[in-house]
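Two complexes follow with chain A in common, the first pairing it with chain B and the second with chain C.
Coming up: the complex of A and B.
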């Protein structure tokens, strides 16, 4: 079979429709990851009882498990109980309600929380102890110090890494085809299942992922520059003052 | 009035404070001298609980706190009656000068923003930074940053301001501007405890000098007593080392 660019286009057009699914599979986990990852990083920083030691044990373990396995394990953990319930109550259709997309989002979110908690932990370390002490010295509590002084300095540092995390999630989310979720990857493959043009389908999927990732990278670069201006614009102004 | 009674502090096996007793009257400027590692910084940091002392008592105004079992409420109360000026300034990097000064008032003490802004402006004017309200720490020289640090402290109208070597991170030509601001603050009758190696400041401004070595207060008295007529051998050695020239001129 000779490579035929037309099949790439057919596959591409089909797969494009599933871009929202791929975005949902990466952006929702990103959001959940930022919220809970930051929370975990902060708890570890302040050595909060129970949570910090627990996180110290769990995170290195979970971090060492590939996303595919998260997905399979979640699929199994969530589906099995539902299967049993379905059998017990004789709900034949319950599985259909329990869309696999939700399982995928849960699995990717857990993965994202772990990855992003590490991102936030290293970003937190970029803020010196002196900033906390200055807060305490003017009578701020720990949480006030975090909210008013520390986190506003942490996020600009974290943004480029969060961008990389998101790209990792977008590409990583392509494994969901293994549990039959139809995302960009699986969408591209649906055409190949009819015409056996797998190479063309893979290339179509690759083009779409490449495009999404490129766009993500650009957006984060713009955001980062905006943040830099807000933080270091000061240094620039300083130069300007000296020149004038 | 501030009083410390029998303050003990150890880092692991290293005992740094071995029973410090100290009384500072309202409006007094106390300078703490001593060789490196004698526990001066640790003592200051114990007063506002940046370090938790192992034993002893702190009396500040009408509040009495036992170091051994201080509650977080008591710690916050003490911190809201004290302020600190740090060696490396520690201004909030994400805030400009006036926001730095307002932060403790607005977030810490829940003061309305308008009033906090007025107080912050007055404090910045006092330290000679009338034209730098909007400047971020990165835009300021070391001396200017430290003056914002002092403004941040005086704006809180604390019972005491703790200074830990406020000029030792500065270029020599910037030391003067900070010392003269500190002198002006002292003249206003604000209670100050100052750790410094600036002997001229100690002699001119301090009402009381404390000489510390190895976690103990070895000697204390008026600047005149300490500089011209030290009684303890340890003090003499220290002054000889740090002020060789002064020995001749006194």
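Coming up: the complex of A and C.
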């Protein structure tokens, strides 16, 4: 079979319609990951009772599980009990109503929370202890110190890494085709199922992922530069580098 | 199908699944080895700004970093035979594992080239100038002065890359090879006890990646001690 660019375009056009699915599969987990990941990182930083030791054990362990396994285990854990219940009560339609996209979002979100909590933890470490002490000395509570002084310094540090995390999630979300969710990858393949042009379909999917990742990289670079404007410290550092 | 989870089956499946570990190890070793050699080449091409090759390298690294490894796997699987057919080499009879090795090697080359590039540029320019001033050639300066220093700078990132590569081998089964994940899938579809297989996989992946991380932290400490 000779490579035919015409089929790439056909696949590309079909797959473009599924970009929102891929974005939902990566942006929702990113958002959940930022919220809960920051929360976990803060709990570990302040050594909150019970939560911090628990997180110390769970996070390094769960971090070792690849995303595919998260997905398979979630798929099994959510679907199989429903399956048994459905058999028991003779609900034939339950499974049909369950959209697997939700299972995929749950699985990717768990993965995202773990990796982003590590990102936020290392970003939190970049803020020096003196910042907290200064806050406490002027009478701010822990929460006030965090919200008004520490977190505004943490996010500019975390943004480039979060951008990398998001790109990882976008690329990682392509595994959802294994549990038959139709995302960009599976969308491109639907045309290949008809005309057997698999190489062309995968190239079309690759082009879309490439485009999305490049765009994400650009946007995060712009955002990073925007955030840098408000950092006096880094501006001074740059100046010092220029002088030396 | 009776219960959802039977702990005895975990013990029963463990040896079956772990017996496929050498395949995973092979993928990781080949990927890291090929990645280092090709990555160094790409990094040098990009740092010396070789005409045409430099532009091609930029495009290549960007493509590999911007697309999922599953897509790369299948593009190599379907595209590589077509490409080699043009030069007159027939590889349609190749085992699938070779395509996996080629993909992971090429994939790692791109990531390694970025690691090597940033490591080399982290060595101060004065080092290179000093090496030239005592009469070392370009290659000698690289091998004797710059790479040993760059190596230490890059080591932690290199460790993370190895662990990431190990975790990404969990996707090699999509091509149909019987590695650990493929074996777990096969057992699952044969016995309808998928969860036990996944639990075994999770245990293996967690254990190996933790061991690798510990090893790299330990090795890094040793290297730093030796330099002092």
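To be clear about the criterion, the second predicted complex is superposed on the first by the 231 of 244 C-alpha atoms of A that agree within 3 Å, B and C clash if a C-alpha of one lies under 4 Å from a C-alpha of the other, contacts with A are read in each partner's own complex, and residues count from 1 in each chain.
The criterion applied here is as follows: a contact is a pair of C-beta atoms (placed from the backbone, for glycine too) under 8 Å apart; a residue touches a chain by one contact, two chains touch by 3 or more.
These figures come from a predicted structure and were not determined experimentally.
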item: Chain B versus chain C as contact partner of A:65, first or second or both or neither; value: second
item: Partner touching more residues of chain A, whether chain B or chain C; value: C
item: Chain B versus chain C as contact partner of A:202, first or second or both or neither; value: second
item: First, second, both or neither for A:131, with chain B first and chain C second; value: first
item: Which of chain B and chain C A:73 touches, first, second, both or neither; value: second
item: Touching partner for A:82 - first (chain B), second (chain C), both, neither; value: neither
item: First, second, both or neither for A:144, with chain B first and chain C second; value: first
item: Chain C residues within the chain A interface of the complex; value: 4, 62-63, 65-72, 74-75, 78-79, 82, 167-168, 170-171, 174, 181, 194-195, 198-199, 201-202, 205-210
item: Residues on chain B engaged by chain A in the complex (per definition of touch); value: 48-50, 76, 79-80, 82-84, 86, 88, 90-95, 103-104, 107-109, 135-139, 152, 156
item: Parts of chain A lying in touch with chain C, wherever the complex brings them together; value: 1-3, 60-66, 68-69, 72-73, 76-77, 80-81, 84, 167, 171-172, 174-175, 177-178, 185, 198-199, 202-203, 205-206, 209-214
item: Interface residues, chain A side, partner chain B - complex; value: 128, 130-131, 133-141, 144, 148-149, 152-153, 231-232, 234-235, 237-238, 241
